[in-house]
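Working notes, beginning with the structure itself.
Should a chain be cited, it is by its letter among A, B, C, D and E, assigned in written order, with residues numbered from 1 in that chain.
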Amino acid sequence: EGPGETQDFSQELHDMLPEHIRAAGVISVAGAFDNPPNLYADTTDTTKANGIAPDLAEAMGELLGVEFQWVNTQWPGQLPGLDAGTYDLIWGQASVTEEREREIIDLIPYTQTVLGWLVPAGNPLDLSGWESACGKRIGITVGAIFAEILADASEDYCTSQGQPAIEVSEFQGSEHTAILSNNIDAGIDSYPVLSGTANEHPDDFTAVQMPEDESFEYYSGLAGIGISKQNPELANALAEAMLVLYENGSLESIYAEYDAVDQIPDTELIGVNPLTQTPAGEIESA
Amino acid sequence: MSRDRADARRAIPARTRVTSRRGAGPPTTFEEHVMNKETPDTGVITQMERQVREEVDLSAKVVPVRHWGRGVLTVIVALIALQITWALATNEHIHWEVVASHLFSGSILNGLWVTLQLTALSLVISLVLAVIAAVLRMSKSKVVSGVSFAYVFFFRAIPLIVLLIFVGNLGLFVTELTLGIPFTEIVFFSIPVNQVFTPFVASVVGLSLAASAYMSEIVRAGLLSVNRGQYAAAMALGLDRGKTLRYIVIPQAMRVIIPPMGNEFITMLKMSALVSVIAGGDLLTAAQAISGVNYRTIELLIVATIWYIVVIIVVSVFQYFIERRTAEK
Amino acid sequence: MVQIDKVNKSYGGTQVLFDIDLEVSQGETVCIIGPSGSGKSTLLRCVNYLEEINSGQIWVDHDLVGYRVAGGRLHELRENEACKQRVDIGMVFQNFNLFPHMTAIDNITLGPILAKRISKANARKAAQELLNRVGLGGKEHHYPSQLSGGQQQRVAIARALAMEPKVMLFDEPTSALDPELVGEVLAVMKDLAQSGSTTMLVVTHEIGFAREVADRVVFMDAGRIVEVGSPSELLDTPKEERTRAFLSAVLA
Amino acid sequence: MSRDRADARRAIPARTRVTSRRGAGPPTTFEEHVMNKETPDTGVITQMERQVREEVDLSAKVVPVRHWGRGVLTVIVALIALQITWALATNEHIHWEVVASHLFSGSILNGLWVTLQLTALSLVISLVLAVIAAVLRMSKSKVVSGVSFAYVFFFRAIPLIVLLIFVGNLGLFVTELTLGIPFTEIVFFSIPVNQVFTPFVASVVGLSLAASAYMSEIVRAGLLSVNRGQYAAAMALGLDRGKTLRYIVIPQAMRVIIPPMGNEFITMLKMSALVSVIAGGDLLTAAQAISGVNYRTIELLIVATIWYIVVIIVVSVFQYFIERRTAEK
Amino acid sequence: MVQIDKVNKSYGGTQVLFDIDLEVSQGETVCIIGPSGSGKSTLLRCVNYLEEINSGQIWVDHDLVGYRVAGGRLHELRENEACKQRVDIGMVFQNFNLFPHMTAIDNITLGPILAKRISKANARKAAQELLNRVGLGGKEHHYPSQLSGGQQQRVAIARALAMEPKVMLFDEPTSALDPELVGEVLAVMKDLAQSGSTTMLVVTHEIGFAREVADRVVFMDAGRIVEVGSPSELLDTPKEERTRAFLSAVLA
């Protein structure tokens, strides 16, 4: 019942895959199933993945002639699992940055979003751009890239302007509760994720989109598929498959299913390591 | 003993017979008499005193000790409990119908099943490892007891999440499990490590290693609690170390080991939630996964809590009966 | 000084004391003998209100043990009042029960300082004298584990005496001692008994000691007082069959 | 005792004097003699035997028991330890320079400081709560001991993460902390709950509640371990319950309580990582926050592990000395 | 049957046995008396190889305790060999040391079944006979806690006898008993001694018992054998001052 049309198997793409994956016929993917609409658990079977990423993966699997197996893995287990070869990919909320492209893993962007605030219903503190967050208590998820972004923004928009700094608290997945209990003033995340929350709980929350120029000032907004630098053939094969889906419109119809067409990255960003053009498998020290 | 005391307290008023002022009127009042320390102490109870005492009847009048403190405590506790229940039951942020609808949902029950399997398997394995570690620790050989010490220290010190990541990703270090002679080319047997260490196996191994380290200290305390005379008696009968342990020491140590094992079991039950870092699919993870979709964090945590409490009650009852059995003789 | 009236005591369902009647006058020494399990220890513990009785009364120096009389009523004692009452009653246990984490002198001064609120200096002076009296001058700063059994029991006696009790209760004070050490403890007790000022209730298996120092000997069996008499009466010409059987077993 | 045995073993060869076959030639060989069960057992050692025994000199020849097993174990353990060290040190996935550069970084040390504060504070508070709960549990009053039982049961059963979320978000249930008479309008005192329950305070409260439940069972075991005779002796001296506990029972119970507290301390140290659900900012969270940015998960987990191990070593040494002091007499 | 030659034994730095020499022949009963801490228990434990000695030799029925002779050398025994040796030596402890989680009959049959590999049925038959012999027929299925001290000690004796040992060692078998119960245990031991077939080494404080059944009495003090003699010699006309002092304290 997968969305979008069925894809035609491509022997050419299949042959790009590394030997061990062709032999196994399976690509195993680690991701935390807690990030709707990109990746979340099926409530009737929490070991099953739903969302844009699994749908994309299914379409790619048809093209490549392999099966994607999704494993619900918390963030701290993802990178070591990739290194260990326990998983072939991590796919979920890995943000694309230049440093990571160059030094750590190969990244293929699959979604681009602006940032947003999750605030109590009605947005009583009137949050919008960075400036409005000065002196506010903002919650983020432990290990998310937002810590760095907020620090930079606080410097540029608040402290250097004589405003109080943005206060950051790091949570392990309970920011919503903290907003409800008035421990923090707002959460920050990608806007589509937050609007999902707000739509579920219109009485409790409102999602506020950040002005696009301010959002992209610190961060590309790209989230990508992460592949080990040991495994360049896989990265190249997936990038090719992504391009095929982009060109034949399947990508758009998948995103349309989730009412998220505006998350599709620009054409030039489709491919391996688009920010730095680092070739797959290579490590370039900055 | 506390029950006996309570019985005694109740029993006294009915049976005690001491004359009151209203009784057959002795010359001084009962109180004055008893309180009168000036009465010359002849060391012998006078006939008069005797009579007083025998005829006094206070049976209807004994005043038991009133424990005001306890009454107040009871009221306070009841009020607090009531208020918490009230706050939880009527709280606008908690949707109890969501709790009810998920309590028996398939994925929650699946998660519960995984948690139970993980806990039970790890409990058994870690208990075996713990006994081995405890016995080795008490060895006369410095090397042997040192190895055991290092084992316990290491696995207590390393955070479980780190242990699970390492065990779950053994592929980081070795790609093949190989039985051979180290630093030579001789290999008897080889198998890809990821094939053996599936997430479930890795979870059980990680939990067992960690728990065994904690438990070995409990087991060791249990072994030490057995009277040295029991070892001597067993040795004098010609039993070797193994048989002494198996037939004499361990059965007696159980009495001391089982109660703190309750703590360890509960800890293990909770720890099993950490396996989500290497893909466990346990109860808490299932609850969080659902709340990630429907945004009902608190409700689903309550669902998980209810199940944990149920399991702990069941195990506690079980433990109670085991304790009774080991304590029986 | 001590009067026990029709005392009954049960543990749970089983009765262990039946209608016990016994009077001890000021300065008297009464020895209680009897087989194991006959309720000797239980009786002493009731006198000290370490156990509550089910019926009957125990009086120590005109105080009803466990009750207070006020407004014409018997009031059960609260815990702190019961504590005050116990101050008047010294007890020496079979297993000494010295506090192992305290030196001899600290063991002795603890009660006076905490329960009688005597100044530390006075308590130590009194304790020093008591230690000398039981022949342990110089052992003030030894921990119980550094003393022999006989020495520990003598410290325990000094500890009870330090409270200046009206009655001293001894529960088999020598039965946990090596035979060679029994003598020194009995000597201290003999001293105490013969000074005539201490009222003593002694549970013992030392028939020789009972014969020598007791004013009266009580034989208990199965929770009842079987026979009471002067040492010579009871030990040499017992009236009851049960007493005879016991004495012949013990003296065998 | 094991050391004495080892000494004894070494000492025997030098001193034992038994004649060998090579010695001053007795008619039968030594072995035949000793083994010869046919020798009529007269029950008295013959003069000849005596002489044999006295003249035999085997001083140079006593063969101590060889513990091959231990040797093999030593070699295996050494090899495994070597291999693990080697695998860790040379592993291409682990960048030790990253570990080194973060070990003393500001945010890690900050996290460590938070963890230490949390642990130390919670340890003290939970110990006090545990003693209270244990004493109440042993009360003669059913109500009092029931309250204590319920407390222990509840806080052991509820997953810490849930407890922390509830305590950390008390604002969900009450917005004001109010001291007044429930269900009436009378209020003595009121303060916004978020002002009191900062994440740090909430973390300490949550950890203390949970840990005190586990610890109370240990404390209770310790109190029960003190000989009943000690209670009787203290009561006979006229000490009340409180003084008996304070001066007699607790000092002696420490000996039994302290060793398992090692386990509890370590558990608490690890548990403190869970406070990240309410923004606690502890060591492990700091490590994960950094790794979320630089994607060096393993290296930062190693950094955290190193610090945990350091803390545990320090505490173990400390515990060793406390144990020595309480055991001294 | 037992020969102890110049045995020395230290615990850590303190020596507790000095040059002990003692011979016990087949069927003989030797009683060891002496003050507390004189090393009596330690000596018995060395004979049973529960402790290793520092120098000297102990022979039991021509076996060197703790060593095996092979190829002209003394080999220290491995643990399982030491276990086999202990099978020949029965020991009865002061505190009985019955296994509390087993019934009387299980206590008795455990050794034969596990260490001597005798069939369960035969072991139970033999145990039943032994229980009858010590006067405990009918108590087979009682747990130790359901038996009196005297009964427990008799089960302990039966347990040791069940191994059919060449020597029986008794370490103060009656000193943890109530005085009334001492008699029954001594009666069993007397029986055993007078049957003449059992070699017995008995540490005891019961001078009367020693006088009655011992072939020889040994007096130990401070780790040395002070005096050995027939009961009448040693108990009535002791040669050594130390023996006299001890006897007068104990018999006081």
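Everything below uses one rule, namely that contacts are C-beta pairs under 8 Å (C-beta built on N, C-alpha and C of every residue); 3 or more make two chains touch, one makes a residue touch a chain.
Here is each chain with its UniProt name: B, D = Amino acid ABC transporter permease; C, E = ABC-type polar-amino-acid transporter.
Being a predicted model, the structure only gives us computed values, none of them experimental.
Novice: What chains, if any, are shared contacts of chain C and chain D?
Specialist: Intersection of chain C and chain D contact lists gives B, E.
Novice: Would you mind naming the chains that touch chain B and likewise touch chain D?
Specialist: A, C, E
Novice: Could you tell me the least number of steps, going only between chains that touch, from chain A to chain E?
Specialist: Counted as steps through touching chains, the separation is 2.
Novice: Farthest chain from chain C, comparing Cα centres?
Specialist: If we average the C-alpha coordinates per chain, A ends up farthest from chain C.
Novice: Tell me which of B-E and A-B has more C-beta pairs in contact.
Specialist: Between the chain pairs B-E and A-B, A-B carries more contacts.
Novice: Any idea how many Å lie between the Cα centroids of chain D and chain E?
Specialist: 40
Novice: What whole-number Å value describes the gap between the mean CA coordinates of chain A and chain C?
Specialist: Here the centre of chain C sits 82 Å away from the centre of chain A.
Novice: With chain centres taken as the means of their Cα atoms, state the distance from chain A to chain D in Å.
Specialist: That gives a centre separation of 43 Å.
Novice: Would you please write down the residue numbers of chain D that are in contact with two or more other chains?
Specialist: 5, 93, 165, 172, 297-298, 301
Novice: Would you mind listing the residues of chain A that make contact with two or more other chains?
Specialist: If we look for residues of chain A contacting two or more partner chains, we find 76, 80, 83-84, 173-174, 177, 180.
Novice: Can you list the chain E residues in contact with two or more other chains?
Specialist: Residues of chain E touching two or more partner chains: there are none.
Novice: Identify every two-chain combination in which the chains touch.
Specialist: Here the touching chain pairs work out to A-B, A-D, B-C, B-D, B-E, C-D, C-E, D-E.
Novice: If you look only at chain D, which of its residues touch chain E in the complex?
Specialist: Going through chain D, the ones touching chain E are 3-5, 7-9, 11-12, 15-16, 18, 20-22, 30-31, 33-37, 39, 41-45, 53-54, 58, 61-65.
Novice: Within their complex, state which residues of chain E touch chain C.
Specialist: Contacts found on chain E: 35-36, 148-149, 178-181, 183, 205, 246, 249-250, 252.
Novice: Sort out for me which residues of chain D touch chain C in the complex.
Specialist: 227, 229-230, 232-241, 243, 247-248, 251-252, 329
Novice: Given the complex with chain A, which residues does chain B contribute to the contact?
Specialist: 93, 105-107, 110-111, 161, 164-166, 168-172, 175, 194, 199, 276-279, 281, 285-286, 288-290, 292-295, 297-298
Novice: What does chain A use to touch chain D in their complex?
Specialist: So the residues of chain A touching chain D come out as 75-76, 78-80, 83-84, 99-100, 104-105, 139, 142-145, 147-148, 169-174, 177-178, 180-184.
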